[in-house]
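These are the structures, in structure tokens.
Below, subunit A partners subunit B and then partners subunit C, in two separate complexes.
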Partner chain A sequence: MIQILQQLVTSVSVGGLYALLAVGYALIYSVFDFTKLAFGGIMMVSAFAGYFATKLGVPTAAAMLVASAAGVLISVAVELLAYRPMRKRNANRLFLMISAMGVNIFITNLFLCLFGANLRALPTGFSSNTIALGPLRIGVVDLLSLIVSVVALVLLTFFLYRTRAGVTVRASALDMSTAGLMGIDVNRVSLIVFAISGITAAIAGMFFGMKYNVYPAMGSISNKAFIASVIGGLGSLKGAVIGGFLLGILEIMVTAYISATYRDLVSFAVMMIVLIFLPNGLFGMGDQNKL
Partner chain B sequence: MYIQSVIVTICTNVISVVGLALLTGYTGMFSLGHAGFMCIGAYTAVLTHLHLGIPYLLALLLGGLTAGLVGLIIGYPTLRNRLRGDYFAICMMGFGTVVRLIINNMNNPIVKGSTGISKIPQLTTLWSALFITAALVFFMWNFVHSQFGKNCLAVQQQEVAAEMMGVDIVKTKLISLVISAFYCGIAGALLAFWIQYISPNNFTDTKSNDFLATLVTGGTNSITGPVLAAALITTMLEYLRFLANWRLVIYGLLYVVIMRFRPEGLMGYREFSFRGTLRFFRELPARLKGIREKVTGRKGGV
Partner chain C sequence: MSKMLEISGLSSYYGGICALNDVSLYINEGEITSIIGSNGAGKSTLMRTVAGDKKIDSGTVLFNGSPLPESVDRVVSGGISLVPEGRRIFSSLTVRENLILGTCSRRDYKQAMADTLDEVLELFPKLRERYHQPGGTLSGGEQQMLAIGRALMARPKLLCLDEPSLGLAPIIIDEVFDKIIQLNEERGLTVLLVEQNAFLALDVAHRAYVLNTGRITLEGTGTELAENPNVQAEYLGVKTGE
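Showing the complex of A and B:
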């Protein structure tokens, strides 16, 4: 019993990070209607930025800010250089996806060539510390990542539903061209959305770096987040969060009680089963009801 | 021998890319896991040949058919529900990963798990590879220029309108998935009997990405475009071997730049023909002049 509880704590903290990444996918999908496959690359770059910042003696909290800044910067740069000119020409969604994939391959392999494939431990000073909570032992990193991701998700909800800028984002998600006609600056909305997705990617990247390591191929973790957002329903924030936590729990349980080799297999299989019975995911609705 | 090897590699790439051209280019579905079909084709052909004594050509066909069948099995539930393109893409990625993981974990003496199967007889020759490629490309050419190819294009351009006109969308998508899986299966089998060694890790996502890059470079609505691109890129990569991982950097950049400036690819909606090429070169001076005038004109304006 204690062991199951212990695994549950770990899985919830992994799930929080998946949820954070999945929300990024959901946000971009809801506004732009395409899946941005470059998330992994952006996450990896921000984790590297955080890594180099801590190497230079910056405290972890500040390194998180550096990573977020890097995430925002690169996310917005990709939007300006790659996606926006294509959207302007009303490019096929397929082409946008291919372009996003290109960005991902480019960034990942650039870092592979520049820094090598070796794993770098993110020096935090508390990576291996644990807190004893009754019979449970909770890793400080796990706890911290859960707290930070929950706080980030709450802040994001607050932003989307309680601020003026958030309303413009939601309006664009509903119907971008109409929102544009109503006087909403759609280009600003796109910058906001990409900046937010950069921040969520950076936070997730930093924590994955602390939990595991920082390395160029770490972006493949974002595929899991894609699965999470598909399970939850593409374009649905609520779905992305719930999908993220579900996937986190599923993965840790499979790793603990079946075998780590079958982890990815089970995740993909569950995703396919969900899609067969619920073609729009758990919370995905038709094209009318997004966000 | 080296040149032969390059040519056979080109052939297998051409087959897979032409298969993918039907699915991604004509029908407009994005797949991130076609290496999985190659893997299935290769393993089926090699295992049936080694253990059941099926002759070479039949084994190739069997590899292709098995891949097609798997495509049907994976495609029916995913396409029946009219999954949106993104869902389909991630399903295919999942499929590719699952195939690799399953074979990696089958540690019995027949499949040999992640160690892979070695000492496969080299039955693919230069001529058989060339002949099979030519035949398959010819079939595909006829196929996309038939009524069915037009249905595919209609589905890609306007799904709702196509349905209104009486095109069975699910069936069209399913058929193009099965055919592209069949092509990839045959390509995998052909490759396995040439390089004499297969392991599931030969068929990673990178390979799926390679096919997509080649297709995109060649042009998504053309058959000759991807064929040319496959030949060009494979040859280029042989000569750029010293670049190692930088080639993937270039790939990524290539995707972005092509999508940004010429999303229709090398050939776009046209097919390669000698007459067209001649015309292109005859008109080249005039075009260059036009571009020069445009550039200088813009400079003057500023």
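Showing the complex of A and C:
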């Protein structure tokens, strides 16, 4: 029993990170009808920025800000340099996705060339500390990542539902051309959305870096978040969060009670099965239920 | 009387297909101007062009004497608001949020949410009752009121209405048109109205045009056109002779 609880605690914290990344996918998909597969690359670059900041003696919390700034910069840069010119020419959404894949591979290989493939541990000083909660032992990093993810998700929800700019984002997600007719500057909305997704990718990247390591190929973790957002229903914020937590729990349980070898096998199988019975995912209801 | 909007020699294409062919017309300030025509005559294209949502391929559109800005958001902030065909309410957003979106073009949006909001809710009391409901739960008539209210939140100088009667019950149509007349008479709002329901459109119009396969074929006052035998035969369903 204690062991299950222990695993549950770990899995919830991983789930929180998946949820953060999945929310980034959901946001972009809901507004632009395409998913940004360059998310992994952005996450990795942000983690590197955080890593170098930490190496220079910047405290972890400040390094998180550095990583977030890097995430925003690169996410917005990719939007401005790669996606926006294509959208302007009315490119097919499929080609946008292919361009995004290209961006991802490019960034990953660029970092591979610059820094090599070796694993770098993010030196936080508390990475291996645990807190005892009765018989449970909770990793400080796990706990922090859960708290930060939840706070970030709450802030994002507040932004989308309680602020003027948030309303413009939701309106653009529902119907971009009518949003334009209202005088909403759609390009500004795109910057907001890409900046937010850059921040969520950066937070996730930093925590994955603390839990595991920082390395150029670490972006592949974002594939899991993509599965989470598909299971939850692409474009649905609620779906992304729930899908993220579900996938986190599923993976840790499979690792703990079956074998780590089967982890990805199970995740992808679950995604396929969910899609067979619920083609829009758990909470996706087509265009009516975006965000 | 000054001309608020003046279109000359406007042509518009979709791919190679000509939707508007050398269209010239003007709208006087403070008047309701109607454009009637059958399906596919180019009415919506004309509307989208005026609202800045469709690029001008050739010809000129002058709004208060200066050329129409190139981007939609600058057309809206310049004072032209479109109530699109089919209303296009943001269905999962509340009435309040839909109205907020109408103020996106305004710099003084805090003022807008204080003053203009009250004006709009006074004009459409139903919206006050439904203030926190999702737009999609409103009836067709209420949605049309919301679409008009949303456009008014931008405090436009020229209000463009694309097929406001579409899909509404006759009694609701009368209500919508009463509001349009009220806006024009009490607030001096200039209105451009595009309608398939020619009878209504000519009835409320100071001036009107007939658009036929991309060309303006007739113009005159609302009454003149309503009494024109060709218009009666083609658009008003009046049988001429035996």
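In this text, the second predicted complex is superposed on the first by the 291 of 291 C-alpha atoms of A that agree within 3 Å, B and C clash if a C-alpha of one lies under 4 Å from a C-alpha of the other, contacts with A are read in each partner's own complex, and residues count from 1 in each chain.
In this section, contacts are C-beta pairs under 8 Å (C-beta built on N, C-alpha and C of every residue); 3 or more make two chains touch, one makes a residue touch a chain.
Worth saying up front: this structure is predicted, and the values here are computed from it rather than measured.
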Margin query: Which partner chains sit in contact with A:M182 here, subunit B, subunit C, both or neither? Use first/second/both/neither.
Written below: second
Next item on the list: Answer with first, second, both or neither: which of subunit B and subunit C does A:R93 touch in the superposed model?
Entry: first
Next item on the list: See if subunit A has more residues touched by subunit B or by subunit C, and give me that chain.
Entry: B
Note to self: A:P279 in the overlay: touching subunit B, subunit C, both, or neither? Say first, second, both or neither.
What the structure shows: first
Note to self: In the overlaid three-chain picture, which partner chain does A:G102 touch, first (subunit B) or second (subunit C), both, or neither?
What the structure shows: first
Next item on the list: Go through the superposed model and pick first if A:V167 touches only subunit B, second if only subunit C, both, or neither.
Entry: second
Margin query: Quick one: is A:L133 in contact with subunit B, with subunit C, with both, or with neither? Answer first, second, both or neither.
Written below: neither
Next item on the list: Residue by residue on subunit A, keep only those touching subunit B in one complex and subunit C in the other, then list them.
Entry: none
Check: Which positions of subunit C touch subunit A when the two form their complex?
Finding: 51, 53, 72-73, 76-77, 82, 84, 88, 90-93, 97, 100-102, 104-105, 109, 136, 150, 154
Check: Mind pulling up the subunit A residues that touch subunit B in the complex?
Finding: 29, 34-35, 81-82, 85-86, 91-99, 101-110, 112-113, 223, 226-227, 230, 234, 261-262, 264-265, 268-269, 271-272, 275-276, 279
Item checked: subunit A to subunit C touching residues, read off their complex -> 164, 167-168, 170-171, 174-175, 177-185, 288-290
Check: What part of subunit B is in contact with subunit A in the complex they form?
Finding: 24, 28, 30, 32, 77-78, 81-87, 89-91, 93-95, 97-98, 101-102, 104-105, 209, 212, 216, 220, 245-246, 248-249, 251-256, 259-260, 263
